[in-house]
Structures are given as C-alpha cells and as structure tokens.
Amino acid sequence: MCRWAAYLGSPIYLEDIISRPGHSLVAQSQVATECKTSTNGDGFGVAWYDNRPEPGLYRDVYPAWSDTNLRALAHQVKSGLFLSHVRASTGSAISRNNCHPFAAGHWSFMHNGQVGGFETFRRYADMCIPDELYPHRKGATDSEVLFLLALKEGIDQDPLGAMERAVAKLESLSRDRGTTPHMRLSAALSDGQSLYAVRYSSDHIAPSLYYRWSESRQGWAVVSEPLEQEQDGWKQLPAGGFLTLSADRAEVSEFDPSRQVIDLNCPG
Amino acid sequence: MCRWAAYLGSPIYLEDIISRPGHSLVAQSQVATECKTSTNGDGFGVAWYDNRPEPGLYRDVYPAWSDTNLRALAHQVKSGLFLSHVRASTGSAISRNNCHPFAAGHWSFMHNGQVGGFETFRRYADMCIPDELYPHRKGATDSEVLFLLALKEGIDQDPLGAMERAVAKLESLSRDRGTTPHMRLSAALSDGQSLYAVRYSSDHIAPSLYYRWSESRQGWAVVSEPLEQEQDGWKQLPAGGFLTLSADRAEVSEFDPSRQVIDLNCPG
Amino acid sequence: MCRWAAYLGSPIYLEDIISRPGHSLVAQSQVATECKTSTNGDGFGVAWYDNRPEPGLYRDVYPAWSDTNLRALAHQVKSGLFLSHVRASTGSAISRNNCHPFAAGHWSFMHNGQVGGFETFRRYADMCIPDELYPHRKGATDSEVLFLLALKEGIDQDPLGAMERAVAKLESLSRDRGTTPHMRLSAALSDGQSLYAVRYSSDHIAPSLYYRWSESRQGWAVVSEPLEQEQDGWKQLPAGGFLTLSADRAEVSEFDPSRQVIDLNCPG
Amino acid sequence: MCRWAAYLGSPIYLEDIISRPGHSLVAQSQVATECKTSTNGDGFGVAWYDNRPEPGLYRDVYPAWSDTNLRALAHQVKSGLFLSHVRASTGSAISRNNCHPFAAGHWSFMHNGQVGGFETFRRYADMCIPDELYPHRKGATDSEVLFLLALKEGIDQDPLGAMERAVAKLESLSRDRGTTPHMRLSAALSDGQSLYAVRYSSDHIAPSLYYRWSESRQGWAVVSEPLEQEQDGWKQLPAGGFLTLSADRAEVSEFDPSRQVIDLNCPG
C-alpha cells in the first residue's frame, strides 16, 4: 500500500501539498492512518507540469521524509498540476523504476492498491503490453502494467473507458491465475490538462480517496488521506467512482470495469 | 534514537542477529518497541571482524528492511564478532558518513542516544578532536565525535576510563553550551577481541540495553531490544554500567564519568 | 560494453583481483584499454561463494572507483570462487537490477557484449523466459535474459550446451527482429564449483577474454583485460571457445551455437 | 578537478546548458578536455533561482551522464540564473554534502581547483568558520570552507573583497601547513541577482574559465570549457580576474588576495 496526493488549480509550491500541511504526504510517509502499512518509506516521486506538455519527473528510492533534494525541489518549484506519491513496497524491488508516478508522453499515473497474485502472473501481464509501449516497461510493478494497458486502451480519447478496460484485463488475469482480492485500486492520472482519479475494488474494501476544493488556493487537492485532520470540505470519492477535475468543475462518473468487453488474449 | 545489536562468540551468519530472529534488528528498524521513534529507517551499518585486525564495514543510507545488499551480505558472511545498527536521525544528514558503526584502525563503535544541544556547539566539539584523528571526522554526528574523543583518551589501554573521559567531555560541553538532557547513551564498541557496552544517562532515563548468553550459539548478544520477545535470559545492563564481554565471561563495572578529571580546553 | 574479472582457486581477498593489481577491475572501470568505452562507471557487482551453495551478491549503481562499501568488502572478504563486474550501460537504466553478476540458486553469471537491436525485441525476448524463471527477471538487460535462457536450457546438466542454445535463441531473435552485430559475447558463469567462460561473436569481432594460472596464488584468473600489463602467462581464449576451469585443470571446448537445434517459438 | 557552467539572462531550460550543447556540462563529465581528470563522475549539482530569493538545489552522488532525475529536471525547469557542476573528487568522500553548488541563504557557490594540502589542516580550517555559520558546514571539502569564509568576510556588501579575504586566508593556511600549489581557483557564485566568477592561482597555472554573451538567448554563459567547440565569442577570464555579470553588462576587475590584510588567527 502507498499514499499519494495530487493537485490541479492556480500554481502553488509543490511543498504546499507535499510537506507543509499537518498531515502532508511526507507526514503520511511516516505515519499514515488509513492504510495497513503505517510507514511508506520505500521511495517517492513527483510528476509536475509546467513549461512542457510532458511532466517533469523526480523519483528516488529513499524515504520521502529524509530526502534533501525533494525538500529543496518542493520548496522551489511551482506548478498548477502535479502528482506526488510515497511508496510501501508489497514485494517488488526498491528501485527508481518501481517508484510512482509513471510517465509516458504527456500522461502521468500513480497508484495505491493491489492486483491479487500479480507476481505469479507477471510474465503473462507483461505479454499484454504491446510492442510499441514495451520500451516504457522499465520496472516490475503491477501499477506500471496498469498504466501501460490504459495507454493501449485509448486513454487519450476516453480516459474512463480505457481505465475500465485496463482494470478489467488485470482483474481478469487475477481471477484466472492469481489470488483474492483481485483488484483494489485508488489511482490518479493526468494528461497535463485535466486531473482524473479512480476508486474501485473487486471486493468491498476500496482504498481511501478524498478530494476538496480550496478557495484560498483556487485549486483541487485529491489525496489518499486528508491533508489537515480537522479540515472541513473533504469529500470521499465513492467506490466505483471516477473523478474528472478541470479548472472549474468536478464530475463524478460511474467506474465499472465489468461493462467492458475485453479481449482475453495477450496482447489482445 | 536508533537501535543496535552486537555479537561475540562462535562464528554465526550475520543474519542470525540482523534479520532472522522474530524481533531482529531489521524488524526493529520497522517497529521498535522500546524507544521514542518506532521507525529507524535513516540508514544502517554493520562492522564485522574476520580475517583482518580491522573490521569490514558496510553502511548505507537506505532503510535496512529493503536493502538487497544487506540481505545478501548477512546471508553469506559469518563472523564471531560484529556490530550492527539501524538509524533514526535526530537532525544530522542522511549520509553514509553519518551511519554507524564508525571504524578507525581495529576499533569499531556504535551509539544510540543524544548529547543535548549538540548542533549548537558542534564546532567546539570538532575542535576537541586532535589533528591526528581529524581525518576520521567524516560526518557531522555527535556519535562520531564521542568515538574519536574516546580514541584520543586512550581507549586501547583503558576502554572504560577512555569512554568515561570522552562522555565527561561531551557532557560538560552540553552543560556549558547545550540543553538538557545533557547525555543519554547506549553504546557498543570493540577492538576486534572483546566486546564492550555502556549504558548511562545524565538524568534518570537511560536508553535500553540488554545482553544474553546463548548456549546453542555459544555466544553473547548485546542489543537495544531483546531479539525474541518471549525468550528467557535477557539481562538489562543497569544505567551507569560498563559491560566487558570476552569469550568466557561477562563483567559489569561501574561507569561514572564524573570521577574523571577532564581538561575543559579544546583540544585538551 | 563492460569489464569483468573472475577467480577460482585457493581463497584470496576479493581486493586481490578487484582493486590491488595495477590494472585491476577498479582501474579498468576508470581506464579500460581494450574496449570502446574507456569509462565503466555505471555500476558494479561481485558474486562470491563461501559458506553457502548460493553466492553472496553485492551490486550497486555507483562507479566502482568511489564506492567505500566495495572497498571495505573487498578488503575483508576472502573467497575461492568469485565473479566481479563493472558496467558501462549501452542503454538500459542504471539500476541495481541491471548490474551484473546475476544470481539464481547456486548459479551466477556476468556478461560483456551486446545482442543487436535488443531493445526493439525485448518484449519478445521476455516472453521466451518460462513462468517458473520469470520471478528472476528483475531488470531490463539482454544479459539477464541470456542467463535465464541458459538456466531454462539445462545449465546444470550441460553448461556448454545450455549456453549454446541460449545464445542461439537470442542470436536468432536478433536476426529476425534486430540489427547487426547480432551477438558479441564475453561471459563468465559458475555453479559454485567450477568456473566457466565463453567468448563468441556472430561477426569477426569478439570481445577480449584472457585467463591465467597463478602459481603464487594457486588459482585461475579469467578477465576482460590482463590484471598486470607486463605480466607473462595470460592466454587469450579463442573466439568460439568455451573454457571450463576446475581446481586442477583448464579445458577449452568449441562453442558453436549454430549446431544447436532451437525452438523458434517463445516460450519454446 | 571538476567542471562547471553557469548562466544569467532570459530564462532558459536548464538543459540548454547542462545537456544539450555539443560540449555540454554532461558531455564534459564524460570527456573533459582542459583538465587533468577527463572523467568527472563523482556527483553533480545544480542551484537555480526562480520563485524564491534562495536557490533550489539538486545534488546527487551519481555520474551526471546517467541520472534520470537530472535529465528530467533539466528538461522541465526554466531559470534565468543558475549554477551547475560535475565533480571529480580529489580525496574527500563521495557524498551529497560534498557536491557543489553549496548554498546558504540566497547565496550559491561552486568551485574547481585545490587548496594545497588541505586534508592535513582541515581541522584548523574548520576552526576558522564562525559559530553562526558552522551549521552550514555539512561536508569535508575545501570548497565549502572557502564559501563559508567568504560569507563571513562580508560577501553581501563586497563580493570581490570577501572572496579575496577568504582566498587569502586559505592560501595562508596552505603556506603555513600545506603543500604547493597553495591555491588554484576557478569559481562562480551568485546572490540571486548578479553572477560572479573568479579565476586565480598562487602559481602560474590557473584553471580554465570562459564566458560569452549569446544574442539568441539574451544571456551570459560562464563555463570551465566552451559549450560548443567551434563557437566564436568565448572570452577567457584572465588569471587574477573577477567577473561581475548583470543583465546588461560584464565587468572584469582585478582579483588580488595579497592586498588584503587578514587575521591569521582562527576564528579571526
């Protein structure tokens, strides 16, 4: 399990999400309160949009709480759209390539959750990644596969549908070859314009996911856990919900992988 | 605060102390139970004696729980005398040079505790290190200064007296220039032959320190916290105690820095 | 391109190969003389056999010339059989998982060379790794695939034949989907008992590979470049040669992947 | 010896200096042509000014040529004033704290050169740093001491004079306690407004230092080696020269530490 926080709105310093709030992402890396693993010390990452269509990416394998570079970067860099993540490995190696967010072209993606028994069918999941996206398969996580499958499924044209198909594919692999729970998912993604988030579970336990509009910042925060513990206005995204945030509105849609017809072959 | 574990006896695999016991040092790096900071993820180190008079030294800045090199090394290397440590930084940088154990010549040293207000008089403490030992001053911790002062005070001839004088000097600096608590100390050190440990506090709260003879291993373990929680035979070293372990015996002496006459000048 | 050095014989300190000779492996990491890339600063590794059937493994992403842990480890550890490697990446990421040697069970493997166009057919090569070995596929190098294919092809029963079949498979993939030169190879491998080395090329340029018996050490060194530049007794392994070293003898066999009938399907 | 490059002008991507030119700083980290050590692979750093009076700082111990974070950061971040550096250690440890640039408040500083015999009088040099600046003494390099002494000597009011006094002090320490050459210096520094550079030597061999105005960029580059090898307009700063660059002009002043009266005591 991991913790993450994302932002869309008027440009703010990265540290205004990552390290300054009372229950900031860095604070959650030390003492998370809404997940099984209290310590998220197996690496971190931030993807931020600024001057380029593609995001900047800073990821490393140290605990977020002690990294001087992260502290300095988050203190200096302003962005109106960024994703940040702290990791608690559930098995795959501590490596920069396994740190979130993942980026490809102008898309970025980060994830908290699990695909049941992934390690036992990782080879089969890798085979589902098409040749043209395989150069982006740099690590060994289920999260990176999920992202690459969503890219393959047409995330540019239809983010919701592509995520549903990617989740359906991995959930199906887990049902065939893995273990329960087949899919637990709390994820955020962006194309550099909008910020999307999804919360879903194949059973009845979905990882936490909250969002909130800040009048003072003129921006949206989307997070694993509220950034201030006594703060009003945090809404929980319902399980089976897909959130689309633009500058001026939040829209919650139904997220239901089961309605998608997927090709069970790989690559399909 | 930090956690540590040391061993003297018939050669065993490093992992028999570092990672295999139920409450091994690596387990303590994730959930320590007898100190303020439950997580000790700011680096680790091991110093082991084998073919050379001087110890081998492997230290790194990652959490001990995730380091593949530590796991492989501890699985392969056997030693009859070693010191191992996991760190929770109380301020100084996360850097290999600030990881314990410290080594100089055939001596090794590791430490859990604090010297009150050290950062405010670090320059003055550095000045107390004589020129000939200054090349060993590689980091910025109070622990390294304590070790170098003990070397200066004649640790080869009189380990107990040298440690008392080194502690007295730093405690005196803290009284003059620092804050309370002036000195809290739980440390282990070795010359490659004997294993020494010391527990001391300038107030009434000394960090925990236990030791135990294992018949099955034919060896002594000295630790911050017992390696198995239901295991008999762990003795607590009393505060103000100095433990000397050799192959065939354990001796507890009084440790009283106040009986030492120290030169208040630096270098003195 | 990379540089490597291996040893089999009476136990010596790792540093006797890695850092002490005039043209040691660490010296070659700074100024290699027989390969295109003079600097081999993209990580290093050592696999050594001692108390266990499986090797110890220490790999990291720093240049070998500056790593204090490598220096201390090589100074302290003795072994009668070890493989050591410095890396110059030809494209895949600088990551511990991409550092040589690779280890699985009691086998270890390291490699210098290239499989032409590997990145363009990496997905297809990964598919050739059978499910049961896929948990060992941790990085993204051609070298790791070559090792895992050799394991699949029965390296325990027939090291020479298994290496031929593995090389034939990858060379065939490169002919179908990659670029010239299809295969250039200088590799060493061990099961913890014998030390094997192979030199081969699909064109007429095979990477350098030398070996030598040392009377004073009572052991064999096998290297990319001689460890002392003025030293007699270094023999070049001919291209198309497979070297088997045991305690008392060296045997050179023909290495000819083309005589193997391979299954062109994956997994085959 | 090390290599460095700095920029002042209209905001550009960091990569326009760091990695894109034919003989960029990253290229110089692999093959420098005007210094003794061709390879500068012992860490790197960049300090950039943007939204804050103080610079952002990203430093790490890897070779610059392989660091994915540096590449992504330099691709995304724009700045109108930045300093960047690649290191070849001449003895002190490979550690983030020993990587340039150094920063304190709104000042940043980087350095190529040497203070003869520094390691033999490092303790005495550390003593010359006043208490209030000692918290900034995090590493063990001569470069960091030089920077802190310049801060002590009034760099805010008089950058040229403060640098002269700091250099005079260290050169004097080297004459008393060190070895020849006592001082060789090529350095750049900034307060977030102007960019300063200095070239000096106590003998007749000063490290190289060039600068150039770019019409297309509308900015100044100051470098160890020209960024394009066939490019016109690079001027060499004379030895004993102090360069002050502002938005609209370049001024070269005489740099002569010998005209300063310095206090030979420490702290003086």
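For clarity, chains are labelled A, B, C and D in written order, and residue numbers in each chain start from 1.
Basically, a residue touches a chain if its C-beta (ideal position, glycine included) is under 8 Å from a C-beta of that chain, and two chains touch if they have at least 3 such contacts.
Model, not experiment: these values are computed from the prediction.
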Topological distance between chain B and chain D, in contact steps: 1
Contact-richer chain pair (by C-beta pairs counted) among B-C and A-C: B-C
Angle of the C-alpha superposing rotation, chain A to chain B, to the nearest 5 degrees: 180
Same or different residue numbers at the chain A/chain D copy interface, by half rule: same
Approximate Å spacing (C-alpha centroids) for the pair chain A, chain C: 38
Two or more partner chains touched - positions in chain A: 68, 93, 96
For the chain A and chain C complex, residues of the former touching the latter: 93, 95-97, 119, 122-124, 126-127, 129, 131, 134-135, 137-138, 140
In the complex, chain D residues that touch chain C: 30, 39, 41-42, 61-63, 66-68, 89, 93-94
Residues of chain B defined as touching chain C within the complex: 13, 48, 50-52, 55-60, 68-69, 72-73, 75-78, 96
